[in-house]
């Protein structure tokens, strides 16, 4: 690291700790959206067994959104292990923008879980959920673009073609999520299926990093 | 580590941080299930002392479930100190599945605490709690089996007999929890006693690792 | 470390991370006890300024309890920096018992904040708060006694007189808190003053460790 | 470090972990202030789309406060990377005072978000929010002054002029926030604009540290 950079770049350990904290809380808050029933509600539902079976969409939404946030976390883990080597104040801000969209997910998930079974509100519930799914992608793109610029924060040994592949993948994600959002206004079931398909695709591991052989790591 | 693995395996430190975060939140959320009474409720109960004594099952449930989640945490600590040496994207997913079942416990615990004293709903409340106790075990088995396969993520010096013993113990756990669940539909007290006995057994420390003498650690 | 201990003792880093997580959540949950008013409540109180001034006991309780939990955290930090060198499964359990009492504090604090201004319930509210203050002390004593036994988990260079001083101080704490609890049933103001005095005393830093000169650290 | 200091100063890693935990929770709690509507509320609002559009001030408040807490976190990160080198019990207490004001922000934010659109309560809502913005600054000043005294906790190589510049900046912050608070009682819009301008200024990165060339680091 050149001397003029001293005091500009920060170690990434606290960014990782803080990020893991926000992810852990956002993912655990999801359980609070499955409400504990009052005795009257249980009585109306015809008993506790009936009540607990009746709220099955809440369980499905919990399952899917828990994995979605978990996958974003795993990808952040991969990103900061192989791509990002250090941080600065502005990059911290971009990461906070990203976390803001992750912490927003319990809200859109709760809206979806509470209203998707009601035909009148299904479109709006799916729109809300699609927005929740779409929102984290642009900040990830900003994170890549800012970090890549003059290789200021990334591992400089990474090949240009590898970085390009990541941007293409992210552009594809933002496109798919936008199309799912557009469908939600009139065809919510199409959006839901698109989100589920994307969800399954996300179980594929992220790419292994590819390096230029003749480069050196200036951050070390 | 062979070169082709580069970029496939991840360090386990962030998995541990994230896991500790989820455990810490899930365990601390338990206190939110002991509700702060309104003035009317206290008046009806015949005073604040009466009210606070009357809700004793909440304290017992808090005590037991706090320890249960705590024991799972301690075992995860042991697992990642002695058995698991590294992680990858798919293993992260299995760990998230496990955390999903841990974060589910405050829900089943609250159902149990709120309805177990009501004879009409005792069976269903105990079924819910038994499911909460059973759910985390299968993901732990998946974690073991996936990590053990070709010793991809475990300390390769561990002896085969040691690993086999762990699988047997986990199979026993899943069996006991399933039997407790089966009893809950008609004999909830049997389930409760079984869960309490299992709970006491869990205070025993996990096994000390056993090594093959002539093996080497390929992860180093 | 002798070879037979292998697999019995665990590193303390995850115990510290998990503990910091539970402390961070318990302390931050305190703000949730200051309820956001509904429009009707604000109207009844004669405006938002009046409402916000009227709930001043909530701010005082927040201030004091935040510091109390914070002081416990700072002491845990000191304890694991200078005294405790490693952990095991049973010691993890004792630490979880301690955390259970810390996570209980937002509950007793909320009871106190909501009912202390109501003369009818002041005694019970103070009893609840005193119990909240008393509860964490015995687990800390257990932690000391278990760790000290045959110096299994402590820094073995610490002098016997230093360790004895800690036990004496803890015994004094448990005595004062018990007396405060006893007074709460009839003279809640006495309890409150005792707790405030103890609170101020806690701002004093914990003792600097004292070592036997001719001892060696067997944990290294 | 001189020998007499042994046992007085603590490593700063756990202070950072605990702080990151509190920040992560306080920032994630903000989403809980955007309430999930009941079916009646959605019906009254004329549908779910209408309802979700109607609560736009909640989104704006979420966005701004998330960034505010995030900026405080990023500055804490910078402070502990370049300025603060170690901690002690009293400094822990000052840091807890600071965290207390950060954890208070979700409360003042919720008051603001719920009442700012209601003309009758706008002044009080803005006063509450201004207090929330002002409160964390004095503890940061205390943190600087205490750590700087005889350079007990700071990197001793930092130049006096650099440290002076920080104090001047903080004094300016406390002045601006106080003026915004004063305006809130009669001219809430002036306060809001002042807070927004300050908010934008905070996106500027903190100063790079400046060193005295002929100094040595006594903490190493």
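Lettered A, B, C and D in written order, each chain numbered from 1.
The rule is short, and it goes like this: a contact is a pair of C-beta atoms (placed from the backbone, for glycine too) under 8 Å apart; a residue touches a chain by one contact, two chains touch by 3 or more.
Values in this document were obtained by computation on a predicted structure and should not be read as measured data.
Peer 1: Look at both sides of the chain A and chain D contact and report whether the same residue positions are involved, with over half shared, or different ones.
Peer 2: different
Peer 1: Hey, what angle do you get rotating chain A onto chain B on C-alpha, to the nearest 5 degrees?
Peer 2: Rotation angle between the two copies comes out at 90 degrees.
Peer 1: Distance between chain A and chain D based on Cα centroids, please, to the nearest Å.
Peer 2: Taking the average C-alpha coordinate of chain A and of chain D, the gap between them is 25 Å.
Peer 1: Averaged over CA atoms, how far is the centre of chain B from the centre of chain D? Could you give it in whole Å?
Peer 2: 36
Peer 1: Tell me, which residues of chain C touch at least two other chains?
Peer 2: Answer for chain C, listing residues that touch two or more other chains: 17, 21, 24-25.
Peer 1: Quick check on the complex: what are the chain D residues that touch chain C?
Peer 2: 6-8, 10-11, 14-15, 17-18, 21-22, 24-26, 29, 33, 88-90, 92-93, 96-97, 99-100, 103-104, 106-107, 110-111, 114-115, 118, 120-121, 123-125, 127-128
Peer 1: For the complex, give me every residue of chain C touching chain D.
Peer 2: Result: residues 16-17, 20-21, 23-25, 27-28, 30-32, 34, 36, 39, 42, 47-49, 52, 62-63, 66-67, 70-71, 73-74, 77-78, 80-82, 203-209 of chain C touch chain D.
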